[in-house]
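Pasting a structure here, questions to come.
A, B, C and D are the chain letters, set down in written order, and residue numbers restart from 1 in every chain.
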Amino acid sequence: MAQSEVIVQNLTKKYDSVTAVDNISFTVEKGSFCVLLGPSGCGKTTVLKIIAGLLEPTEGAIFIHGEDVREVPTYRRNISMVFQDFALFPHKTVEENVEFGLRMRKMGEAERKRKVQAILEVVGISELRKRYPAQLSGGQQQRVALARSLVVEPAVLLLDEPLGSLDYRLQKQLEVEIKRLHRELKMTFIYVSHDLSQAFAMADQIILMNRGRIEQMGKPEEIYYRPRSVFVAGFLGDVNLIPVQVKGFDRNRIILDAGVGDVYAPQQEENPSPGEEVFLAVHAESISLEREAEVCENRLEGMLLEEIFQGSQIIYTLQLKNKQEIKVLKQSNSGRVPGRIGSPVPIGWKLEDSILLLAPHSKRRVKDGI
Amino acid sequence: MAQSEVIVQNLTKKYDSVTAVDNISFTVEKGSFCVLLGPSGCGKTTVLKIIAGLLEPTEGAIFIHGEDVREVPTYRRNISMVFQDFALFPHKTVEENVEFGLRMRKMGEAERKRKVQAILEVVGISELRKRYPAQLSGGQQQRVALARSLVVEPAVLLLDEPLGSLDYRLQKQLEVEIKRLHRELKMTFIYVSHDLSQAFAMADQIILMNRGRIEQMGKPEEIYYRPRSVFVAGFLGDVNLIPVQVKGFDRNRIILDAGVGDVYAPQQEENPSPGEEVFLAVHAESISLEREAEVCENRLEGMLLEEIFQGSQIIYTLQLKNKQEIKVLKQSNSGRVPGRIGSPVPIGWKLEDSILLLAPHSKRRVKDGI
Amino acid sequence: MEKLLRIYLTVLILFIYLPIFSLTVFSFNSGGLTFPFKELSLEWYVKLLQSPKLMEAVYRSLKLALVTMILTTVLSFMTAYALRERFRGRLFIFYLFILGIVIPGITYGLGTALFYQTLGIKKSLWAALPVHVIWTLPFGILIMLAGFDPKIQTYEAAAKTLGGNNWAIFREILLPLLFPTILGTALFAFTLSYNESERGIFLLGTDNTIPAEILAQLSARATPELYALGTLSTVFSILLLGLTGWLVLRKS
Amino acid sequence: MEKLLRIYLTVLILFIYLPIFSLTVFSFNSGGLTFPFKELSLEWYVKLLQSPKLMEAVYRSLKLALVTMILTTVLSFMTAYALRERFRGRLFIFYLFILGIVIPGITYGLGTALFYQTLGIKKSLWAALPVHVIWTLPFGILIMLAGFDPKIQTYEAAAKTLGGNNWAIFREILLPLLFPTILGTALFAFTLSYNESERGIFLLGTDNTIPAEILAQLSARATPELYALGTLSTVFSILLLGLTGWLVLRKS
């Protein structure tokens, strides 16, 4: 069994009357890549700062490498951290920045130089070592920040939205490099992000937070294919949320009234009662149109409202008779165009693509707070 | 023929020694949605501010609705603008904020009230009209900012990354709403963004800028399917750039040496000369794997390096024998898994999916400046 | 660490306020200047009110401070507004104003007296007005510049794109948003001017303001009604500063 | 609009500097105080150097200013460091310090003299040290607080996560980054103390600092070597302020 590197136990952080983090617990395994994901203000950065020792928790405990670090100051926690705006020391060169942590550890000069050189090569900026941060581009600064944190070989590397202030294109490139560094260096990474696609691209484990609590945690595929609440399904982006009422059961299916016809979901371990109002979530790319729709177990009819070109994908918006909108995602080279705007189009999806959301607050509207 | 609402003519803006905008010209048609797209620092916001009259150009002219506005102050230009951080007046209520532009136009109180009420309903926040900006969420503030700019019925609405400070999920929702407002109100919109998917989702016309110049302009599909430079292809994200050398011509094809075998591109109006080194761009979603690859005109063999789950899509990274990496994008429900990591996989794409890049700076490496 | 800082701050503040405290205590002592505190009484306060010379000086100080306040507020608004723009020489001009704080007060007063003599201007209360304004202006500019936060420039831009001309922007955006800062500047300027003595002393002639009068009387003999006056002035200054602080910081 | 502002700034600055200018001009006039400018000469500067009373006062002022500078710099660094943290009463403490600027100087000097009398402390040069520090400290704190920009807190956090303890952070991050601000504070404090007269005047006894000496001599008779001294002090203050400005703003 894998060893636990970081254990967060019943962590709570209150500011005066506001509860930023509300009694959360999780475990990060040694060598894994954990992403704390959630909308801004959900408390993810607070958790990271408490792990780093930059904030004190109101309640709860943190264990790093088996040690309770409640009384351990930041500089003896064997962690290091990459900040959103890099926080490179402006009065030190790249080399001096990277060397800082090693000097703090009283490492001899020869070994220091060797390690600095090695890590600068790993992140691909050894030719910049005499420059000052102000002379570097955003991407280069981020590489220095990574090198500076990695060179001390911490038990845990904490990353606080390290790509947040970079261009989209640069983000995508550095995502790949951070993932590669993680694989090569076999350290434990805890990465804070509000960007789902970043989390999917990098995480072994996603901890999805909302309003100071954990909504769901697990592997990216688990979160994507088995969202457990309307919040999670909504956060995934291209998921259709259809309000339905439970009508009854047949064989292995739950029969649901969608207002414009019956739809079906697989039976659950704990089934809802007939009459209950729940949400059905269906991924936009799981929905078939036209002829392909006719072989599906779930079939409805929509009217094509809109077709949005998105590069590699096209999003079709259709409307059911009760004004409910359905998004359908198709790869743009798939060549099938479902008729003209305004024309009726058959919609369908497989039984196993119906995700029933039974979570307690499933009746809250997704648009809440917007 | 459509009427031109905004004409930008040979516009240049210099700050001391830096040229932020370098002799650019373009035309925005009446009622269209134009997106100024580009990486940060490319000069797009400078262009917008010059159109608004908030900055003075060093050279060049701006025409709005046929009038040369060089000598016209901002407040008489018949434009309005939505700012990235909303810029709502903090000491005025929602209603007073929205009313501001109408009062500046000396509109009578009864008509003012009517118009404010109407636009608040259009953007869906009429119940918030007595609140102050600080009492609103980010999404609500953006709706107020939109209402405030729309209510004056400007000839042109300028939007400066209006969704930049919002959460991803909220961005996607408001994208749809801004697009809907544009369709319903039939105004001319000029929208600044660094986000390609936003531009694709909303634009009739994209003006892609880089280092103060226009790299390419046209409809989203034109830019996506016919990028004219390595910069544009790189900006599109999931495009494979393969360095090739022109070998010769057969029938309607150009024969290219990719180092690991020959590949083909359709002949151009202006063909490159044999021996010339150019780039071949192939969209990641245009590449087929395994059996499907075998019927394609372009065929190579790759080794599977990595498989990244991205929610609705999966990115496969393959490596050719010369270490060139190839990205392939598949919808995650397509069910085909191309063998194990490390196993050889046939790669293929159709002749018409080969895009030859002949632009002058096509030899610059894409990683430049990173 | 935090405890140490707390102790340090407490000691420092005690140290600053003890002199004021002793002045206050003795102003209520019927014995007057000498150490054994005899009896609590308002004797010196009554004497103060009965001294026409001192009361006239107070009245003059208030008049001068009021006019200084108005001029300083208007000028610091205009100066801060101008200094907000980036232009060549901006910092140089800023420092030319700040020099008003560090320049030796006595030298400046002396120079002005000489300058007036050259021009044939007579000494009087209003002759001291320019040096008062020049003393208060740098503080006013500093407060105003701090009040012009960068967001205000965005609000101005937004108002422009909505059709607002310069006057409308001043009236609808700048004035209401900067109102607390403007009032804060005014009160600070008033307090500074009311307490100023070094610069004005050579210019006032016989029209002594209250600090000048105190200085003049002290050269002769220290009377306890001056303690009463000092206590009142201090309380007044504290109240005005408190109000200033509340106004400047209320919005944040 | 821009032109108007330029004219306004020029007029205002001329107005501020003309008195200083006339002082300077007359200090080079062999005729001395009176209007018709006779002849350019260094006569008064030579007399100044030959006046042991004035030169001693200059020496005393420099000594006092130096010690005040050191204390103010250390205390304002500590205070600003403490005030950076958000804690209950933070603004209140900040205003308690700022009160040092607005409190009437004469009242404060008088209070301190009384306080010393109560404690039996004799008047002397060093007796004026506390009031000098209290006068310069609020300015020092303001400069330091402006220098502690929010990014510095991030650098400190980064240094902590890299294994830096408090002392290492002070030495490696705070000191080098704040060095210009610290030096600026020191110079500003020095200049303010060197030019201070109101507060110290009742505490110095016979150990007059130079502004106190000028004030004392002026009560008797204005001699032109005081103009020479005023001119020198002003030039000195301008140079120090220029250096301060350059130090504080160089990094931005």
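The definition used in the following text is that a contact is a pair of C-beta atoms (placed from the backbone, for glycine too) under 8 Å apart; a residue touches a chain by one contact, two chains touch by 3 or more.
Just so it is clear, the structure is predicted and the values come from calculations on it, not from any experiment.
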Inter-chain pair with the most contacting C-beta pairs: C-D
Gap in Å, rounded to a whole number, between the CA centres of chain C and chain A: 56
Between chain B and chain A, distance of the C-alpha-averaged centres to the nearest whole Å: 25
Rounded Å distance between chain C and chain D, as computed from the means of their C-alpha atoms: 17
Residues within chain D bordering two or more other chains: none
Interface hub residues of chain B, defined as touching at least two other chains: none
Contact graph of the chains (line, ring, star, complete, other): ring
Chain-to-chain touches, reported pairwise for every pair that qualifies: A-B, A-D, B-C, C-D
In the complex with chain B, residue positions of chain A that touch it: 39-40, 137, 139-140, 167-170, 172-173, 194-197, 200-201, 220-221, 224, 234-238, 283-286, 308-313, 315, 329-333, 353, 367, 369-370
Interface residues, chain C side, partner chain D - complex: 1-2, 5, 8-9, 12-13, 15-23, 26, 33, 35, 75, 78-79, 81-82, 85, 91, 93, 95-108, 110-112, 114-115, 117-118, 130-131, 134, 139, 166, 188, 191-192, 194-195, 197-198, 202, 211, 214-215, 218-219, 222, 226-227, 229-230, 233-234, 237-238, 240-242, 245, 249
Chain D-facing residues of chain A, complex: 52-54, 73-76, 79-81, 83, 85, 87-91, 100-101, 104-105, 148-149, 152, 158
Interface residues, chain C side, partner chain B - complex: 151, 154-155, 157-165, 168, 172-173, 176-177
